[in-house]
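Chains here go by letter, A, B, C and D, matching the order in which they are written, and residues are numbered from 1 within each.
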Amino acid sequence: MADTIRVTVWNEFVHEKKHEAVQKVYPNGIHNVIAESLQKQPGLEVRTATLDQPEHGLTDEVLQATDVMVWWGHMAHDQVSDAVAQKVQKRVLEGMGFIALHSGHYSKPFRLLMGTACTVNWREVAEREILWVCHPGHPIAEGIDPCLVLEHTEMYGEPFGIPVPDEQVFISSFAGGEVFRSGNVWHRGAGKVFYFRPGHETYPIFYNESVMRVIANGVRYVRPTHPPIKDAMPNRKMGWWEEQASR
Amino acid sequence: MADTIRVTVWNEFVHEKKHEAVQKVYPNGIHNVIAESLQKQPGLEVRTATLDQPEHGLTDEVLQATDVMVWWGHMAHDQVSDAVAQKVQKRVLEGMGFIALHSGHYSKPFRLLMGTACTVNWREVAEREILWVCHPGHPIAEGIDPCLVLEHTEMYGEPFGIPVPDEQVFISSFAGGEVFRSGNVWHRGAGKVFYFRPGHETYPIFYNESVMRVIANGVRYVRPTHPPIKDAMPNRKMGWWEEQASR
Amino acid sequence: MADTIRVTVWNEFVHEKKHEAVQKVYPNGIHNVIAESLQKQPGLEVRTATLDQPEHGLTDEVLQATDVMVWWGHMAHDQVSDAVAQKVQKRVLEGMGFIALHSGHYSKPFRLLMGTACTVNWREVAEREILWVCHPGHPIAEGIDPCLVLEHTEMYGEPFGIPVPDEQVFISSFAGGEVFRSGNVWHRGAGKVFYFRPGHETYPIFYNESVMRVIANGVRYVRPTHPPIKDAMPNRKMGWWEEQASR
Amino acid sequence: MADTIRVTVWNEFVHEKKHEAVQKVYPNGIHNVIAESLQKQPGLEVRTATLDQPEHGLTDEVLQATDVMVWWGHMAHDQVSDAVAQKVQKRVLEGMGFIALHSGHYSKPFRLLMGTACTVNWREVAEREILWVCHPGHPIAEGIDPCLVLEHTEMYGEPFGIPVPDEQVFISSFAGGEVFRSGNVWHRGAGKVFYFRPGHETYPIFYNESVMRVIANGVRYVRPTHPPIKDAMPNRKMGWWEEQASR
């Protein structure tokens, strides 16, 4: 595989245009702040796509040219077409990495990939979150040990409606007493999915260097290491091991 | 919870009406053969539902009154409405048990619950399958140890496009040399999903006592033990643990 | 299987005899408080065993007559003989349920069953712990939803050196900000293991009704449903499926 | 981390010295055949160690200088000292990769890491094994899709007494009809464990290029990507996140 990792940062890009408070923090949109940070990482080639573009910016060409997709959505999950959400799911099964950020827990592609409700409890009072590393040595936690502290953030609390993660990287506590599985990895088909909780539209979370370090670690961790694995349901009339054995 | 387990056996009931070969084996439909067998088990209350009924026989009333759904589909997966498939998924997340049989691997509800492609390789030459117990002592394998042999069956081969099962009960080999994860359990929300491979529309698999024993074991294993857990995304403005602690 | 679940509550029973502060809370030993509570549950038959008895009270007869073992150890893990620890592990693989309480995370049988370091971070300042239910509807959490609050307890913090649990029932937060996977289930052989964090020798945790409710739920959840599965490595000279098929 | 992966191939090196049939196939020992093959791979630095050396060749210096250990044992598992086996386990928890080959399923380090019996069924009649790829795109299966065929080998059959693998790479069928989970990955602490079934002392399995390709893939997959994570149980009197937050 090539050394360059092609990243597409997707943003619904809605509240940045509607709410002044969001505009102040992310005048050019959350996607551009994330993309600019990732672009500084060696070996990453980053583009962006948004809801209002044709096919939400996720044409077949873009999807095929994406190794890792980073997804932000919040108020407009329902405006993402089922067809596009299913194409994203399909690309993950082929091998594309997928990173859902914060409210992306309720996005269509993430929910399709989990098979569960993906619901959370929440509270918005700018409280402190501590993300604890549960799996020291995990590549996604590189540079973060033992924890990452965010002084002002929205709370998400358990129960988080997900299957038990295949790899548990972070668990958070909040000042109000709640907990949340905040850094989780699952294998889905030939691809990997990483959910990372931090992020918000009015708290400047994506300017935090440690948060962006984890996202960059995540991009490297979920990148595909193989050509796309195509979906198929072959009628294997004869054993192909016989062919293989006879080579 | 009540002691009676309310089972709904769902069948698309299509090839029994179209193909003479299928009619010979299952003149009243696969669902009725399965239902009659399960009805003989103590503590099970069994009904059936089919594709051609209004809402495919799966009205809200039926779904709410179902503890475990057994699903057969094969040629008509696409005729199941997305709305009904999503309701079945939602009921599983609330706690309903779900058993997908054979070609049900590619049914809409099963695929929604897995989040993956659920594809298989296949061959239809009436070959022998041996289902080996991988987890001795598992309640689903009760009475089957060490294996279950089917002399004439269709082959399904790996790769089976599923997440790694939470519990691996059976793995099959076929006379042609293939293998398949043929008895698998996953937790999804408050419900459990059991996939069981045996079954076919022209081989008389559902008249096999060992096959029906596993299905009955499965019904008992995936039954809910709690009232339905309703999906919610509460704004927890104040900590409810404070309320609780103060009781 | 018989309806009665035979429980053995094991306690090293050391600090109760050495430290006045512990004697005040548990004058007859932690094991007796736990056993008396469990004895009130319908269908449980409870005995106790302690370190200072011959074979630590865990003779072959006692082990064979135990369906679920509840384990408390703290200061004397090293005094448990390797032979007894290995026998307990072996019984779990045969099907016996095993519940490790609190500092039992570092007991020999639990570490043998996990294969990992089982280390934690800790602090003893009588702070508040909230155990959140992550898996609503799980039988072990029955009656506890949405959380269990302990006002004064020792802290255990992540990283907890365990394999990712097969079932994640509780995660705790502490007043000091730490988190901990505090209610975890794993399958090991034909048996199930439940780790439950609450417990302490000077805080009166085992007099808390909710704590004891979870332990009783746990006993029922990890009970075997089958006769002991004996360890073996048979030379299967001929396929026994042939025998079976010919019956 | 450095780019070079330091591999230690361990062999009990017993039957090569006792049995003429084994000598013919592996005159210098199985370890040297494996090591010579791996040595040809770019980026691997390979050494060997054997049972009869002081500390079985696994001194603290060797262990600290090993990124991935490949383990072969068969007749002399019991002659490995518990102290050395525990040191190997500890190094895996720190991050060292561990690959158990064939009869290494019953080696002390592998059993310590699994926590289970690790028993199998077996038969030795030189039958055909087909290892099917269950997880297309997995780095360990690179170059092998869809299967690897060994014409003459020993059979291992389920039930294999292991915890459900975190990643299921290969499942085998045998000419006699058995199945076996033959390529399995688990996370243990900061390290990864790969079990790979092929191998035998009189069948020339380790001269097979596809087998050696998988082992080389495995070495790269389980290599550590971080400095050793040291085992500890700190009394965290004050929250260190406070320190960190104040930096």
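In this text, contacts are C-beta pairs under 8 Å (C-beta built on N, C-alpha and C of every residue); 3 or more make two chains touch, one makes a residue touch a chain.
Values in this document were obtained by computation on a predicted structure and should not be read as measured data.
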item	value
Smallest number of contact steps required from chain B to reach chain C	1
Fitting chain A to chain B on CA atoms, where both chains share a sequence, rotation angle to nearest 5 degrees	180
Where chain A and chain D are represented by their mean Cα positions, the distance between them in whole Å	33
Distance from chain D to chain B - Cα centre to Cα centre, in angstrom	36
Sites on chain B at which at least two other chains make contact	130, 135-136, 146, 157, 164, 166-167, 177-178, 187, 189, 241
Complex contact set, residues of chain D against chain A	95, 130, 135-139, 142, 146-147, 149, 151, 166-167, 187, 189-191, 224-226, 229, 240-241, 244-245
Touching residues (chain side chain D, partner chain B) in the complex	128, 130, 132-136, 146, 157-160, 164-168, 171-174, 177-179, 181
Partner chain B, residues of chain A touching it in the complex	89-90, 93, 106, 112-117, 119-124, 155, 157, 161, 163-164, 166, 176-178, 186-189, 231-237, 239, 241
